Each structure stands twice: as C-alpha cells, then as structure tokens.
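Each of the next two complexes has subunit A plus one more chain, namely subunit B in the first and subunit C in the second.
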Partner chain A sequence: MKLKLGIYWGAACGGCDVAILDTHEKILDIADKVDIFLWPCAMDFKYDDVKKMKDGYLDAALYSGAIRNSENEEIALLLRRKSKIMIAVGSCAHIGGIPGLANCYTRDEVLKRVYIESESTINEEGIIPEEAWSNDDESLELPRFYNTVKTLDQVVDVDYYLPGCPPVPMQIFSALSLIWNNKLPEKGSIIGAGEKALCDECPRKKDEKRISELKRIHEVIPDSEKCFLEQGIICLGPVTRSGCGARCINSGVACRGCYGPVEDVIDQGTKMISALASVIEAKEETEIERIMDSIPDPLRTFYRFSIPASILRRKKV
Partner chain B sequence: MSFEPKIVGFLCNWCSYTGADLAGTARIKYAPNIRTVRVMCSGRIEPVFVIKALYEGADGVLIAGCHPGDCHYQEGNYKALRRYKLLKAILPEYGVEPERIRLEWVAASEGDRFAKIVNEFTEQVRKLGPLEIKKSLYESMKDDAVRHEEPIGKNGENLDEA
Partner chain C sequence: MKRIEIDPITRLEGHGKITIFLNDDGNVENAYLQIPELRGFEKFVEGLPVEEIPRVVPRICGV
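Showing the complex of A and B:
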C-alpha cells in the first residue's frame, strides 16, 4: 500500500518544498510510493479534508517552517494528531531558522518596522493588520502573529529531524525511503545528517588555527583551498552538524550553521564562542577587544539559525 | 522581602578557589550570595555554563582565574578572557545586562581581594535587580496561543473505506 503523506509549511520560505521537488527523477519513485494528502505549497487540499481524517491516518507528516503564528501551530497540532510520524524538515522546524532571528525583537517592534517604518512603505494612517475585522454581517479573521518564534518541537512531539536550509534533496529522498523500508532509527533521531562537525567532511586544507585578525568575506579574496577560520573568516563549521556535503564551502562561502549544533550540543552559538575564542591569538585585553569589535553582529552571526532553539530563546522583555 | 541576588561563581582550582579558601581560613566576612563551583581552570568554563546558570535562576555569574601569566596550564585564563569578551557582546542582544557577568583574576594569596570582589559584585547585581529569565520567557509567550481550537473528532472518517 502507498504511504500516506502530509506536507506543510509553517513560517518558511518554501525552499524545503522546492528541495522535495529537487529530488529530480527520484520524484517519480516518490510518486510511486507515496500518496499526498496535504501540500499547500504545491497542491490543492483543504484543512477540512485533513480534519475529517481518522487520528493517525497519515503515515508521516513533513513539517517545514517555524511556528510564527496561530495557524502554524494549529496545523502542527492537527498533523501531529492525524499522522503516525512527525518529521521536522529544514532548519526552521528544527532549530527556528531565519524566521527565528525575529526573537531579537518583540511582536510590536516587528509590526512597527514592517508596516510603518520600512523605507519602501507609505502608510500615513499607520494601519497595522488586525486579527479580526467585521462590517455589518461580514467578518474576517487572521491568524494571531506571535511574539516569540518557536521550533516545531516546542509545540508538538516530533519524531525525527531532517536539518538543513534547505535539506539536501537526496537526503529528503533517503529519509522517505527509511519510512517505506521500515528502517527508521530511534525516535528523536536526526535523519539525513552526520553526527560529527562539518569540519570532518570539509575538503579544505586544515593546519594549526591561530588568528590575529577577523575579516568578512567581501573584504578579502579568500584562498580557495585553505580553511576559512585560518584565514580569519568566521565559519561555523566546527560547531555545525555535517551532512550537507559542504555545499557552501565548495561554493566559496563559509558555513553559517544551518544544520544546527553537533550531536549532544544544546547551544550552537555559545559553542562557537568557545571555538572562536580558542583560536584567536591575542592575549592583551585591548587587542582582544579590537578583534571582537570587528564582528558586526555577534549574536546573529553565532546563532544565525538557532536563536529559538538556544537556551535563552529570545530577547528578554 | 528584599531582593537577595543569587550569584554563581566559577573559580579555578589553582588560584581563585584557593584564594576563596584563604578568605575562609582567615575568617574574612563577605556576602553569602555567592555559590561557588570549582573548576580545574578558568579556560574550562564554557560560555554555555554561564548562560545555563543565568537561565536556571542566577542573577549574576562571577568567573575567577589566575592572573595573566600565572595559569597552571599556561594559557587557560587568556582563553577565558576571550570567551568572556565575546559572551559580553551577545548578552545585550538577549536583553541581559552584560554587567551581570564579571571576570576577575584572583591569586591564591588574595583572600581579602576575593572577599572584596564578591561584596562589590553582589552590590552591583543587587542594583540591577532580579533577572528571572524563565518568568520573562513565560510572559513573552502568554498571548501566543491558538485562538480558536476547533473540535476535531477523535474518530474521523477512514478514507480507505469510503
């Protein structure tokens, strides 16, 4: 019998859905093995169709995207109820991802910035979207925009994680094949990624790391064979899970950490602080400060994808 | 009830913990707000220890190690200093006052200095007030909820039979 699958996007860019399609000719194998029951990004199904299902009717749900509003959460709860396996697909569902950067602000700050302050907006009356609107006998409701972005496992029980921004397409395929071959690992496992750090599979030449200057990638012409960190360019490779095949590195860009922390590390950013502090040579306080000051946005550099999954989770209000 | 700051102190085994011990044997009185954790070297203190302490309810964290040049392991204290500087840079972005963490060098002979630092730091944190990360996290999410939870039948349709 064909596998019954639901695919959903929360606060996401759609890159994960595209990554599913990017399995190229393997998409035909997927179509052979799988029946899709929900996929708002690509096909026309209604939430009501899912609500009518028996609990546990779906074999698996692939949820990409963070929890940003009440609709994201509602569908996460619904899919959790209707499917046997819940898989968090992509960085956003796994560790918060890029939408998670909004945890440096409050809900009101985000709305104000987007609808009033942004340079491309003309909004003289200062209108900010409301959740409910009614006029005579008509009424409209919008999902509630949350103050705090959450990861999928902060709202529902998640069985497996498939990290990446987006996950490597072939790893989505192999994750699906784990389901139809009944070879899923222990619950809570990360599938489609390694356990060690990215440095382990990085093809660049690594020597002793001793840096006296931090540079940004546009400020230098980086050596295409030497380790980025050794060149003074911040690379999250030492603290990021392997499995992506060093996609960015091979394209000449340092790792930004989308695969999340390595096995047994909770907080990716503080781990990177440890790693970076260990390879900087300076011992004088003023010299250390000078080097640290050259990092333009430390929090969002070290936690680019993982603020909602970090220990402190958001800016204190 | 007046606010008594909770302070976690990570002290290196070779200098600062011994210094704190000396403060004790010399019967120097200092603020009882500090809870000390002995580590082998200030270079062992990972930033996540500090973050975890703050998250779990500490209002301030003191890190103490050997004076520069005196590290038992040659360079551990320089590592601690660099980590401390980076950690201080990210805390304001998390909405946490960077003054809640402090790095000091305390030698084994500096019992009086240890007592003075603890007293000063306790007063500094007292002025900042309680941190209460968990409470603020809860407050920040209390309006984030699914508004209209529609009743979903436990036993919906089995589409295979239809």
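Showing the complex of A and C:
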C-alpha cells in the first residue's frame, strides 16, 4: 500500500517544495511509493479535504515554513492531528529560518514598515490589514499576524527534523525512503543530515586557526582553497551540522548555518561566539574589543537562521 | 447572500484565498482575493550588511 503524504508550507518561500521536485528522476520513485493528499505548491487540494480526513489518516506530513501567523499554526495543528508522523522540513520549520529575522522587531514595526513607510507603497489612508472586516452583507477574515515567529515544534509535537535552506534534494529522498523502508530512527531525530560539523565535509584546506583580523568579503581577495575562518572571514561551519555537501563554500561564500546547530548544541550563535573566542589571537582586552567590534551585525550573522530556536528567541518587548 | 470560499488557491508560490459573494439571483456581487501571508523582508533586511543581502532575499520566493 502506498504511503499517504501531506506536504504544506507555513511562512516559507516554496524552496523546500521545489527541493522535493529537484530530486529529478527520483520523483518517479517517490510517486511510486506515496500518494499525496495536500500540496498547495504543486497540486489542488483544499483545507476542507484535510479537515474531512479521519485523525491519523496520513502516514506523514512534511511541514516547511515557520509559524508566522494564526493560519500557519492552525494548519500545523490540523496536520498534526491527521498525520501519524510530523516532519519539520527546512530551516524555517526546524529553527525559524530567514522569516525568524523578524523577531529582531515587533509586529507593529514590521507592519508599519511594510504598509506605511515602504518607498514603493502608496497608502495615503494608512490602511493596515485587519483580522476581520465586514459591512452589512459581507465579512472577511485574515489570519492574525503574530508578534513572534515560532519554529514548528514550538506549536506542535514534531517527530523528525529535516534541516537545510533548502534541504539537499537527495537528502529529502533518503529521508523519505526511511519512512517506506521502516527505518526511521528514534523520535526527535534529525534526518537527512550528518552528525558532525560542516568543517568535516568542507573541501577547503585547514591549518592552524589564529585570527588577528576579521574581514568582510569585499575587503579581501579570498584564497579559494583555504578555510574561510583562517582568512578572517566569518564562517559558521564549525557550529553548523553537516549534510549539505558544503554548497555555499563550493560557490565561494562562507557558511551561514542553515542546517542548524551541531549535535547536542542548542544555541548556534553562542556556540559560534565561543568558537571565535578560541581562535582570536589577541592579548590585550582593547585588541579583542577592536576585533569583535569589526563584526558589522553579530546577531544576524551568528543567528542568521536560528533566532526563533535560540535562547534569545526574540527582541525584548 | 451566498458565500463561496476557495481556500487555499493552489499551484503558485505563496498563500491566497478567494471569497466570492453571490446575490439572491445567484450572480457574483463581490469577489475578494485575500493574501493571508506576510513575512516582512522590508523590515528585517534593514541595516543588514550589504554583502549579506544576496544571501537573504532569495528566500522571498524559492519557486
């Protein structure tokens, strides 16, 4: 019997959905093994179709995207009820992802910028989307835009995590094959990724890491064979889970941590600060300060993908 | 007044919902396209180092 699968996106870009399609000819193997019952990006099913299912009807739900509004949360709860296994797919569902950067601001700051201040928006009446609107005969509702972006496991019980922005297509395929081969690991496991740090699969030459100067990418002509960090260019490789095949590194840019923290680490950003502290070569306190001050945006560099899952969670309000 | 909801609209990047109101004769009185989605890139890229922008904004749409 074929597996019954639901695929959904919350606050997402659709990159994870496309990564599923990017399994190329393997998509035929997937089609052989699974029947799809929800996939807004690619197929026409409605929320009502899912609501009508018996609880536990689906074998697995793949949820990509963060929880940004009440609709994202409602569908996450609905799919959790209808599915035996819930898998957080991609950085947004796993650790908050790029939409999680909004946790540096409040809900009102985001709405004001987008609808009132944006240079490309004409909104003379200053209208901001409301949750409910009605006149005599008609009423409309919109989801509530939350103050805080959440990860999937902050709103529902998650069985497995398939990290990456987006996950490497073949890692999606191997993770799915764990389901139909009955080889799923212990609940709560990361699937479709490595256990060690990205440095472990990074092809660049590594020597001794002693940094006396941090550099932004336009301030140097980087050596394409040498470790970024050893050249003073911040790379989150030491604190990021392997599994991507060093995609960004092989494209000539340093890692920003989309696969989330390495095994047993909760807070990727703090771990990076700690990693950096151990390789900075400076004796005087003022010298350390000067080097650290040269990082233009530590929060959004060390926590590029992981603010909602971190111990910081969001800006204090 | 009869109400028809198409939720979600599918096979596109993003979230959308269409609500149609029919009058007593069964004709369309009003139809609304609702976009229930916002992430706020306009805000959270502010002040980000310029060399990082090309690594963030592709996540507006990955389709």
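FYI, the second predicted complex is superposed on the first by the 317 of 317 C-alpha atoms of A that agree within 3 Å, B and C clash if a C-alpha of one lies under 4 Å from a C-alpha of the other, contacts with A are read in each partner's own complex, and residues count from 1 in each chain.
Note that in this section contacts are C-beta pairs under 8 Å (C-beta built on N, C-alpha and C of every residue); 3 or more make two chains touch, one makes a residue touch a chain.
Note that the coordinates shown come from a computational prediction; the quantities given were computed from them, not determined experimentally.
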First, second, both or neither for A:Glu109, with subunit B first and subunit C second: second
Touching partner for A:Asp17 - first (subunit B), second (subunit C), both, neither: second
First, second, both or neither for A:Asp29, with subunit B first and subunit C second: neither
Which of subunit B and subunit C A:Glu73 touches, first, second, both or neither: first
Touched partner set for A:Asp137, first subunit B, second subunit C, both or neither: second
Subunit B versus subunit C as contact partner of A:Asn147, first or second or both or neither: first
Contacts of A:Glu201 with subunit B and subunit C, given as first, second, both or neither: neither
Intersection of subunit A interface sets (partners subunit B, subunit C): 104, 300
Touch list for subunit A against partner subunit C, complex: 9, 11-18, 40-48, 68-69, 71, 97-99, 101-102, 104-105, 109-111, 113-114, 118, 129, 137-138, 140, 142-143, 145, 165-166, 216-218, 253, 256, 296-297, 300-301, 304
Residues of subunit C that touch subunit A when the two form their complex: 1, 3, 6-8, 10-15, 19, 21, 29-30, 32, 34, 36-40, 42-49, 51-52, 55-56, 58-63
Interface residues, subunit A side, partner subunit B - complex: 51-55, 57, 70, 73-74, 77-78, 81, 104, 106, 131, 141, 144, 146-148, 150, 266-267, 269-271, 273-274, 276-278, 280, 282-283, 285, 288-289, 292, 295, 298-300, 302-303, 311-317
Subunit A-touching residues of subunit B, taken from the complex the two chains share: 46-48, 51-52, 54-55, 68, 75, 78-79, 81-83, 85-87, 89-90, 93-96, 133, 136-137, 139-141, 143-150, 152-159
